[in-house]
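Please find the structures below.
Look for chain A in each of the two complexes below; its partner is chain B in the first and chain C in the second.
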Partner chain A sequence: MSNNFQLERERSSLSSFPDSKSLFSKLKSGLLPYAFLTPTLIVVTLFFFIPLVMVFILSFTNLDMTNFGILKWWQPANWTLDNYVKIFTNRFFPRILNNTLMYVSMTLIFFNVGMALVIALITTNINRRVGFTFRLIWLMCRLTPVVVYIMMWKALAGPAPMGVINKHILGPLGIGTGEYLLNTNPWLFIILVNGFIGASFGMIIFSSAIEAIPKDYMIASKVDGASTWQTIRYITIPMIKWPLLFVTTYQTLSLLTSFEQILLLTNGGPGLYETEVWSLTAYHRAFSSYFGNTQWGYGSAWAVILVIIGIIMAIIYLRVFKFNELIQEPKIDQL
Partner chain B sequence: MKASKSLLSISLIVILVMSFTAMALAQDLDIIPIKVRCRAKPPMENWRGLNFLVAEKDLNADLEAMGDPRRVKVEVIQDNLDWGEYITEFVLGYGAGESPDIWLTGHEYIGTQAEAGRIIALDGIIKEFPIYNLVFDTLWDCTKYKGETWGVPQDAEARPLYWNKTLLKKLGWSDGEIAALSGKIEKGEFTLYDMLETAKQAVDKGVVEPGNGFWTRPKNGPDFTPFYYAFGGETIDSATGKLVFDKTAGLKYYKFFYDAAQKYGSMGCLGLDWSSAWHPGVTSKVLFWVGGTWQWAEWAEKFLKDLGGEAYMWENFGFGLIPAAEKGGKPNSLTHPLAYLVSSQCKYPDLAVALIAKVTNYGPNTRHAIASTHLGILKGQTEYKFYKESRLLSEALYMLDYTTFLPNNPYWGTYSTVTYEALAACVGGDFTPEKAVDFVVEGLNRELGDKVIIK
Partner chain C sequence: MEVRLKNLSKHFGKVKAVNNFNLEINDGEFVALLGPSGCGKTTTLLMIAGIYKPTAGGIYFGDKIVNEVLPKDRKIGMVFQSYALYPHMTVFDNITFPLKLRKIPKEERERRVKEVAKLVQIEELLDRKPAQLSGGQQQRVAVCRALIKKPDILLLDEPLSNLDAKLRTLMRAELKRLQRKLGITTIFVTHDQVEAMTMSDKIALLQLGKLQQYSSSDELYNRPVNLFVAGFIGSPPMNFIDVSLGQSEEQFLLKNKDITIEIPSKIGKFTQSHSQDNKIVLGIRPEDIKIDHKKGEEAEVYVVEPMGMQVLVTVKLGNLQIKVLTTPPFTKKMGEKVKLHFNVNKIHLFDKNTEKSLLLN
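Up next, the complex of A and B:
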C-alpha cells in the first residue's frame, strides 16, 4: 500500500514539471561539453586562428620595417600577390626547396623513424632494466635546453686544436686538416643534431607499442621456428602500424616547421643558402637581417606556403597509410 | 623636567616643519624617467650606456642650479643583440608606445626611422648646446637626412686591412718590408690584387692553408662596401637621394671576390661563426683580413689575453688602409659612426639632448674610445691627455682622412642583402662575376623598383 502511494506521488511530481526538467537536463547535457571545451577554444582562437588569419593577410602586403605603423595592412586595397611572385621568381627558391626536402627526408628516414624503430626494437628485446636505462640516456638530448645542446655540438665540431672531434678523433687518425667541421660537413651535423633529438620521440612511442603486443604472438612465432627478423617483419611491424603512421606524419610536419637547431648551428650557411630550409627563410625574411630590413609581409608569404605544403603532406600520408582503416574499431569488440 | 618637556616639544615641532618643507619641496620636483637603449659588447663597450649614469648627476645639478624643478632618472638597457633584432625591437617597441627615449644605433638606420616618424630632427635643440660644435663635421654629415640632423654621433672607427707579421716573415718578407707596407698602401703602391698575389704565394708555399690568404667578415655587413668604392662604385645619388648600383664598378668588385676565392686561395671565411671560428682564425692563421679598430680591443681582451694581449698584437699584427684597386689609386677605409637618436615618443627631448651633450665630451667619449678602441669624435681629442696614451687610436687616426660612409637611405638594408648574396655566390663559385651583376640588377629592380638607380 505504502509502495503504491509513493509511486503515485512520484508520478504526480513528474507530471507537474515534465517539460522544464527535461529541457534543463537537455540543455545541461548539451552545453556541458562545450563549457569544458571553451578554455581550449579561446586559447586556440587567440593564439592560433587569429594569428593564422593575420599571417595570411600579411602575406599579401609589403609590410616591413620602413612602413610599420604607416601601412594599413588590413585594407584590401593594400593587398597584392607580389610576395608570392617574388618567392617563385627567387633564384634561390629551388635550392631552399631542395634543402628542405633533403633535411626532412634524411632526418626522418635515418633518425626520427629509422633510428627510433631500431632503438625501440633493441631495447625491448634485451633486459628490461637495461633497455629502460638506455632509453633514458637517449632522452638526455631532448631534455637539454637547445642552446646548451647546440653549444655542445659546436664544441665537438670546432676547428683544431679546440674542437673535440678534431683533437681526439680525426687528428690522431690523421684525417683532415683540422677544419671547422660545421663548414666542411654542415648537413651531416644538422641531420645528426636534429636526429638525436627527433629519434627519442619515436623511440618512446614505438617501445610502448611493442611492449603492448601480447606476448602470446611472440611465443607462438618462436614455437613455429620464426627467426628474430621474421618475428619483427611479420608480427611486430604490422602490429605497430598506427604508431608508425603517427610518428611519420607528426615528425614530417614537425621537421618542416622546425628551424631553431639550424638557426643556432649554421644559420643557413656556411655557403649561400647552403643549409637554409623553408622555415628558416620565413624567419630570416620576417625577423632577422643584418641591416634590420625585416620584411614581415614577405616572410608571411613564405610561412603560408609552408602551411599549405604541410597540409598536403598530411593528406598524402593519411591516404597512403589508409588512416580511416587503422582507426576502425577492432573487430573483436564488435562481436 | 618642565624644561626638558618644552625642549622635546620644540624638537618635535622643528622636525615636523622640516618634514613638511621637505615633502613640499619633493612634491615640487618632477622626476623624469629617461630610458637609454644601447647596443654594446661587454666589457669593451660598456661606457656607451654607463656614461649616461654618470651624466645623470651632472645634469640634475645643472637643473637644480637653474631652478628647474625637473630631475632626470636614467634607466640604461644595454646588451649585445644582433643589429637586425635590435632594430626590430625598437620598431615594435615604438608600435606599442614603449620606445626608449634615447636610442643608440648605426647612422644608416636614420633614413628608415626618420621616414617612419619614429625619431625627431634635432637641429633646433642641439644649437643650445655648444659642446656639439666640437664634433667633426664629417660625422655630423652621417646623421643628416633630407637636410636635417637626426642624431648625435657617438663614436667612429676605421676598418683597416690587418696582416700577420709572423706569417709574412715566413713568406720571406724582411722586417723593413713589413714595416713599410702601410706606407706603400697609403701611396697606392700596393693594390688589392698585390694583396691577393701575396696571399696566393703564402698558400702555394704552405705558409697558410688554402682559403686563409685573405678574409673579410663572415657575413653581410658594412665591410664590403669600401671594396665596391675602391673599384669606383657609388651607393647614393646626391641629387635625388636614391640608392645607386654601378654595373661597371660592380663587375670589378665581384671579379675581385670571385678571383680571391677561386684563384688566390682566399675568402674561406664566409659563414663562419664569429666566436668559435672567425676570431680564432684571424688571430692565428690568416695572412690578411679586414676588421674594425674596435676588434683590436676584443682580440686583446678575449682571444689573445693569454698570449700577452695588446703587446702580443703589436708584435705580430700590422694594419693599414684598404688598398687601392689600381696602382697610384686612392686607398680607403669605412667609418660607420653610431649615433644617439631621440624617439618621437620622448616627452622631454630637451632633457634627452642635454643628457647626450653631457656624454659628448672629452672625458666620457675618451673613456669609451680607449676601452673599445673606437676613434674619437671630437675636434682636438687627439690632444687630450688620456686619449693620446692609446697607441692604436693615435696610429689609426690618419685613416679618417681616407674614410668613406654607408648611405643614409631607408632601403639600404634590402640593397645590402641583394648585393651581399651575389658576393657570397661568387665566393662559393655559384655565380660568375657577370652573373652576379645580372642577379643584383634583377634583384634590386624586383625588390626596390624605382627606388634604386642602375647605372
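Up next, the complex of A and C:
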C-alpha cells in the first residue's frame, strides 16, 4: 500500500519537472528498455542474423574452395538460380526427399511424440516414485555423449559373437547371427537411435504438464463415469494440447536439421544415398564433398530450402492444433 | 437412496484423516458434514464417491456394500469446491460429459441439458467456455453436471465457498429448494455453520476425523454433547467459565472467585451426581445473558461492537471476559459498570476433564 503510494508520488513528481528535464527523462525512459536489449541484439545480429543472410546470398552463388577469395559473392551480378535448378534436377533428389520425410515422420510419430506421450501417461498414472525413476532411466541416452552413444549402438549391431543383438536375441531365435545389422536394416537403427534420445524430451514436457493438471479434473471425470482411457482421451490430452503442439513443432524442426547421429551411424550409407537425409546432404555438399572441393554455395541452397520447409511445417502445425483456440484473450487490458 | 457409513476409517500414512466414522443417512435427506479445516470432510466425501478406498469399515448404499464398486457405477453426482469444470469444453459439453461417456444419443443429451439448465436458469450460457462465466454461473453449471445423470446421491464439497456473501445466501436457498424438489439424498460438506444449519436436515459435526455429534441443527445448538460442539456451533461463540458446584441449604451455587450463580435445584442435583471431581465448565451463550438488569453480577464494559440488529458487548467480570449479545440502543461506554443476569435455564455444564456434557444423560 505505502509502496504503491510512494511510486505514485515519484511518478507524478517526475512528470511535473520543468520542460527540458522532462523531455530528457522521457527520452531516457524510452531508450532504457533498448539499452538492456543491446548486448543480446549485438550477439544475435553478429552470430545469427548476419550468417543467415550470408547463407541466403551464398545459395545463389557458386562459391566453393576453388574460387574462394576470387568470387565476389556479395555482388548481385554473380547471383543465379543455378544451385536450385541443380537440386531439383538431381537424380537423387526424390530419394533424399523421401528419406527425409520418412526419417522425420517415423521418429516423430513413434518416438519423439508417440513414445514420449505413452511414457508420460504411464509414468504419471503409476506410483510416483516408480514413475520418476523410470523417466530418469530414459534420460540416460540423452546424457550420454553422442559419439559414445553411437559407438555403443554400432557395437550392439555388430555380428556375433561381439554384437549383442545378434548373439543374444537373433541367434537364439534362429534368425541368424552373422550380419552387421546396420547394413541390413539401417533405417530401423537410425529411427531407434534418434528416437531413444528424442523421446525423453517430450516425455519430460508431457509428464510435467500432466502432473500440473489439477487433481479435481481427474476426480471429476472419474465421478462422471470415465474409464482411465476415456479420462486420457477427453481430459488429459486436450489439457496438454499446448505442450503437444510445442513438442511436435520443436521436434520436427530439430529432426529436419539434425544429422549428426546419421553421420556417425551410417554416413548416408550403406547403399548409395540409402540413408542420406536433407540436412546431411547440405553438410556433405558444403563441407565434405567426395572430390574435396567443398561447394559452399550449393550446400547453402540445400540449407535454405530446409529452412523454408521448416517454416511451412510450423505454420501447418499451428493450423492443425487450432492454435487460435489455444490462446485466450488476455484478461488484463493493454494500457 | 440410504447411505450408511460403518466404522469408516481412512489413514494417510500416520494421519488418521477419518477415524471410525459411523453415520446413517435416510433416503432423501440433506445432511451436512461440518467441521474445521482438515477434519476429514473431503476425505469422507471422496470415499463415498469411490475415489479413495477406505482403510477400514464399510460404505453402504441401501443394503449393498459399495467399497469395491467403481465411481462410475455408484450413481453419484458431485460438485467440487473448485467446480472442476473442464476448461476446454463448452458449458454444454461439460454438462453432457457424463452422458457422452455413457454413449447416450445426441438428441437425448440435448433434451436433458435443457431440463437441468432450466432448473438453475443457465439456458443461455450453454455455448460459453467456463472461463467466460462468473463464479456463480460456474457453480450452477457444476450443479447441472452433477444432476444430469439423475444420481441417487448428490455430493457437494463446499460448493458455496467461492461465492461472495450475497450470492452465497442466494445459492444457499436455491440449492435447498432444488434438493427438496428433486428429493435426492444429499451430503453437503462445509466449514460454515450457518450454511450447515440453514440448509440441512441433519448435521454431522466432525473434529480430527472423529464424529462429535450427529443431530438436527436445533439439537446441536441447544443440546451440545461436549465442549467442542458447544464452542464450534454459535456465533459469537459460547462463553466458557471454569466453576465448581457448591450447596448451601437448598441452594445450588456455581462459583469461582469472580462469580456466583444460583441454579435450579433439579439441574444442581443432576450435575452433582454426574460430576466426578467437581471441576465444571459453565457454558452460556451471549444471547442468554441479560445486561443492565437491576440485580445480578456487577461487571465492567470492555468493548462494544454494534452489529446492526444486535450489539455485541464484551464485559469484564473480575479476570473473566464475557461476551453478551444485546439489542440496541446500548448506551453504556467503555469502563462503565453494568449488571449481568444469566438465564440459568439456558446454561450448559460440562465436565472439565472428559469435556462431556453433564446435563445430557
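Keep this in mind: the second predicted complex is superposed on the first by the 297 of 335 C-alpha atoms of A that agree within 3 Å, B and C clash if a C-alpha of one lies under 4 Å from a C-alpha of the other, contacts with A are read in each partner's own complex, and residues count from 1 in each chain.
Methods note: a contact is a pair of C-beta atoms (placed from the backbone, for glycine too) under 8 Å apart; a residue touches a chain by one contact, two chains touch by 3 or more.
This structure is a prediction, so every number in the text was calculated from the model and none was measured.
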| item | value |
| --- | --- |
| Which of chain B and chain C A:R91 touches, first, second, both or neither | first |
| First (chain B), second (chain C), both or neither touched by A:G310 | neither |
| Contacts of A:L182 with chain B and chain C, given as first, second, both or neither | first |
| First (chain B), second (chain C), both or neither touched by A:D224 | second |
| Of chain B and chain C, the chain that contacts the larger number of chain A residues | B |
| Which superposed partner A:G114 touches (first chain B, second chain C, both, neither) | neither |
| Complex contacts: residues of chain A adjacent to chain C | 214, 216-217, 219-227, 230, 234-235, 238-239, 241, 328 |
| Residues of chain C that touch chain A when the two form their complex | 46, 49-51, 71-72, 76-78, 80, 82, 84, 86-89, 97-98, 101-102, 131, 145, 149 |
| Chain A contact footprint on chain B (complex, rising order) | 82-88, 91-92, 94-95, 108-109, 112, 115-118, 209, 219-221, 270-273, 276-277, 280-281, 410-414, 416-417, 421, 424-425, 428, 430, 439, 442, 446-447 |
| Of chain A, residues touching chain B in the complex | 65-70, 86, 89, 91-92, 154, 158-159, 162, 177, 180, 182-183, 266, 269-272, 274, 287-294 |
